[in-house]
Every structure is written in structure tokens, then in C-alpha cells.
Amino acid sequence: MQIYQREFTLRAPKRGFHLVTDAVVRELPELSGISMGTLHLFIRHTSASLTINENCDSSVRGDMERYFTDTVDSHNSTFIHTYEGDDDMPAHIKSSLLGASLTIPVTDGRLALGTWQGIYLGEHRDRPGGRSIVATIMGV
Amino acid sequence: MQIYQREFTLRAPKRGFHLVTDAVVRELPELSGISMGTLHLFIRHTSASLTINENCDSSVRGDMERYFTDTVDSHNSTFIHTYEGDDDMPAHIKSSLLGASLTIPVTDGRLALGTWQGIYLGEHRDRPGGRSIVATIMGV
Amino acid sequence: MQIYQREFTLRAPKRGFHLVTDAVVRELPELSGISMGTLHLFIRHTSASLTINENCDSSVRGDMERYFTDTVDSHNSTFIHTYEGDDDMPAHIKSSLLGASLTIPVTDGRLALGTWQGIYLGEHRDRPGGRSIVATIMGV
């Protein structure tokens, strides 16, 4: 068994969901040497998320952003944790709903994603900063 | 450390949540040789999901399906990505809310699930097809 | 590669979200010997959850509890699975929304959490009991 761990930064151009599959793979040259294993990705922040969804039509990312804004930000009047801005507590909730990490199988040196699957970075703050990602690869 | 990876297909009889613990275990004879480790399951689709929930009363699966239909499909009028049908964009959102993968501990050759836990396949399209699952077992 | 697996119990003082990072680390002395790897945590129950969120301001935990009560328990009149009480079916849904497990990278003998990240136990029943957790550490 081999194991590799790397930390790198992703930066979303604005609030919303962004396809980052290629950006992630570019950071991980070790993937190509793994014939069978897993990639674990972990975002070290509580107002952003990682999820897997449709990789082709950008309207899916737009609809996701609209859905989560409609259902979560609409509860703002009930929140007490508001001193970091109206986007902060909704961002925390989205991070827990969508998750801070992903595990993806690796097969024959590549992510074993389905044809229509891509990795999304969910950026839930209005003013995005760099997002630190820890990647751990295990396999043979 | 040992590692095994297999791909197999699950097929839900209809839209909704379906208990697939036994179907999954049947595909993975290698589990019985693992005294300590993990099983990672990954569904290679963006309109279905894998989650863990109550394994006994089928009304839980019905209530889950009702809840996610009520809360997600009700936003259909706000979606732009609609050309694959009314069930498509809600299916993508459910897939991200519930998740495309699961990691379950393996102990003494068996999944270390709690007494009341089972693996659910969430089929979120009205007309289900076969769903490809990649299983990765690591352990000793 | 090394692998360790342990089972231990967490007990929330009441329904809601509780910061358990220190309680988890205390149960896992093996973490300090791992220079690079992952910790997988799995809760063996269907009415509780594990998630990662803000570790500093307790009002985040309060707002999370309010949000999930407002959005999930409000559907109680539509549920069929009600014989275990009004908190039961909402607890199952929260468990699937938030997840029954977490994988966290381990680096230099410590959890590689971000500065503001902590492990939350989500206790979704009104009368909490002990919650069994299976922890699996893999790494070098």
C-alpha cells in the first residue's frame, strides 16, 4: 500500500458552486501511479463545501446555488450568530448539509467518477478567499 | 494491508429509498476475510445517492421519500436545468444533500453497522436504470 | 501502513449539536503515532449524526439546531413512522442529511482540521442515550 498526502489551495471566483475536477487532479500527479485505491479530499473551512454533481451543464450549478440560497438564507431572521454577516451562518449550514470532505475511488491511475460526475467546490461566502484542501491518496 | 476493488450494479424497482445492505454484501465476498478495515461505496451517478438509515420499518423509507419530494421538488419552478424532466434537477440536489458515497467500518469480517442501520440506495429519477457502484475494501 | 480500530461511547447532555473534538481525540492515543493518514468515525445509530463545523461560538450550534428543527420537524404531520415519538422521524432525516460518518486527514500525529473546525455530535432525540462510535485510523 502506498499513501500520499498533499495540501493545496482552491479559489472560487465568486460565491456559488464551481467545477474543480481538473484543478484537483492537476495537484495530484501521484494519482497516475495508483491502480486501485481512494482519494480523500478535505476542505479546512466551515463556510465552504465539497460535493459531487453534474459536470456538463453550468445551469445545474446555478440551480444548486439558487436552491440553497432559497432554503437556507431565508432563515436568516432566526439566527443569533450574525456578526460576521448575513452570509455566514447560512454558509455554516450549507457546509454541514453538503459536507467538508469527499472520498472518490481511484482505478487504473484515474478518478473512477461516472461520465457525468465532477467535483464541485461550494463557496458559500459572498467574498471568497483561498480554500485549503488536504488530499490523501491510499492504494496500490 | 489488503485492498480490493469491485464494480457492480444496483437497480431500484422504482423511485424512492431502498434497503440494499444484503445486495451489497453479496457482491463482496472479500469482506469476510477482513478483521479490521473499511468499506467505501461510491455511486457513479448524479441523480441517485447512498445513505444509511433505519433498516426495519419500511415507512421510514416512505417518509424520507415524501420529505425530500416536499422540500426539493417544490422548488421546480425556480430551476433552469429542466430539459431532462421535472425529476432531474431535484435528483441532482438530493444526490448532493444525501451524498454519492459511504464509508462503513468492517470488523471481524462484517460491516460494523448498528443494529438498526442499513444501506439505502436513493433512486431519485422517476424511471430508474442500473446504478453502477464502485466498492473499495481496505484492511487487514 | 498501520491500522487501528476502536469503539467508544459519546453521550450528549441534551438534544442538539455538541463539540466533541477533544473527547474523540482522547479516545485515540494511536493518532499521535501517525505522520500521514486518515481517521474515519462512524456513529452506529440512525437518529444522531457526525458533522464538522465552527468550533468557537456556541451560537452556531444553537442556530444549527434551530434551522434543522424548523425545516425538518415542521414536516411531522406528513410522516407515517410516528410511533416512537415526534422527534424520531425528524431524527432519521437529520441523520441522513448530516451523515453518520466523517473522514478527517491526520498529519504529524494530529487531526488536520482547519483553525475553526471542530467535530460535532448531532443528537437528534429528545432523550439522548449513549452513542457508539467506531473509529478506524489508517496511515504511516
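A, B and C label the chains in the order they appear, each numbered from 1.
The rule is simple: a residue touches a chain if its C-beta (ideal position, glycine included) is under 8 Å from a C-beta of that chain, and two chains touch if they have at least 3 such contacts.
If you're wondering where the values come from, they're calculated on a predicted model, not measured in any experiment.
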item	value
Magnitude of the superposing rotation for chain A and chain C (Cα, nearest 5°)	120
Interface sides of chain B and chain C: same vs different residues, half threshold	different
Euclidean distance of C-alpha centroids - chain B vs chain C, Å	20
Residues within chain C bordering two or more other chains	1, 71, 97, 99, 103, 138
Contacting residues of chain C [partner chain B, same complex]	1, 3-5, 7, 40, 42-46, 71-72, 75, 78-81, 89, 92-93, 95-97, 99-101, 103, 132, 134, 136, 138
Footprint of chain B on chain A - complex, ascending	1, 36-38, 51-54, 57, 59-60, 62-64, 66-67, 70-71, 97-99, 102-105, 107, 112-117, 120, 138-140
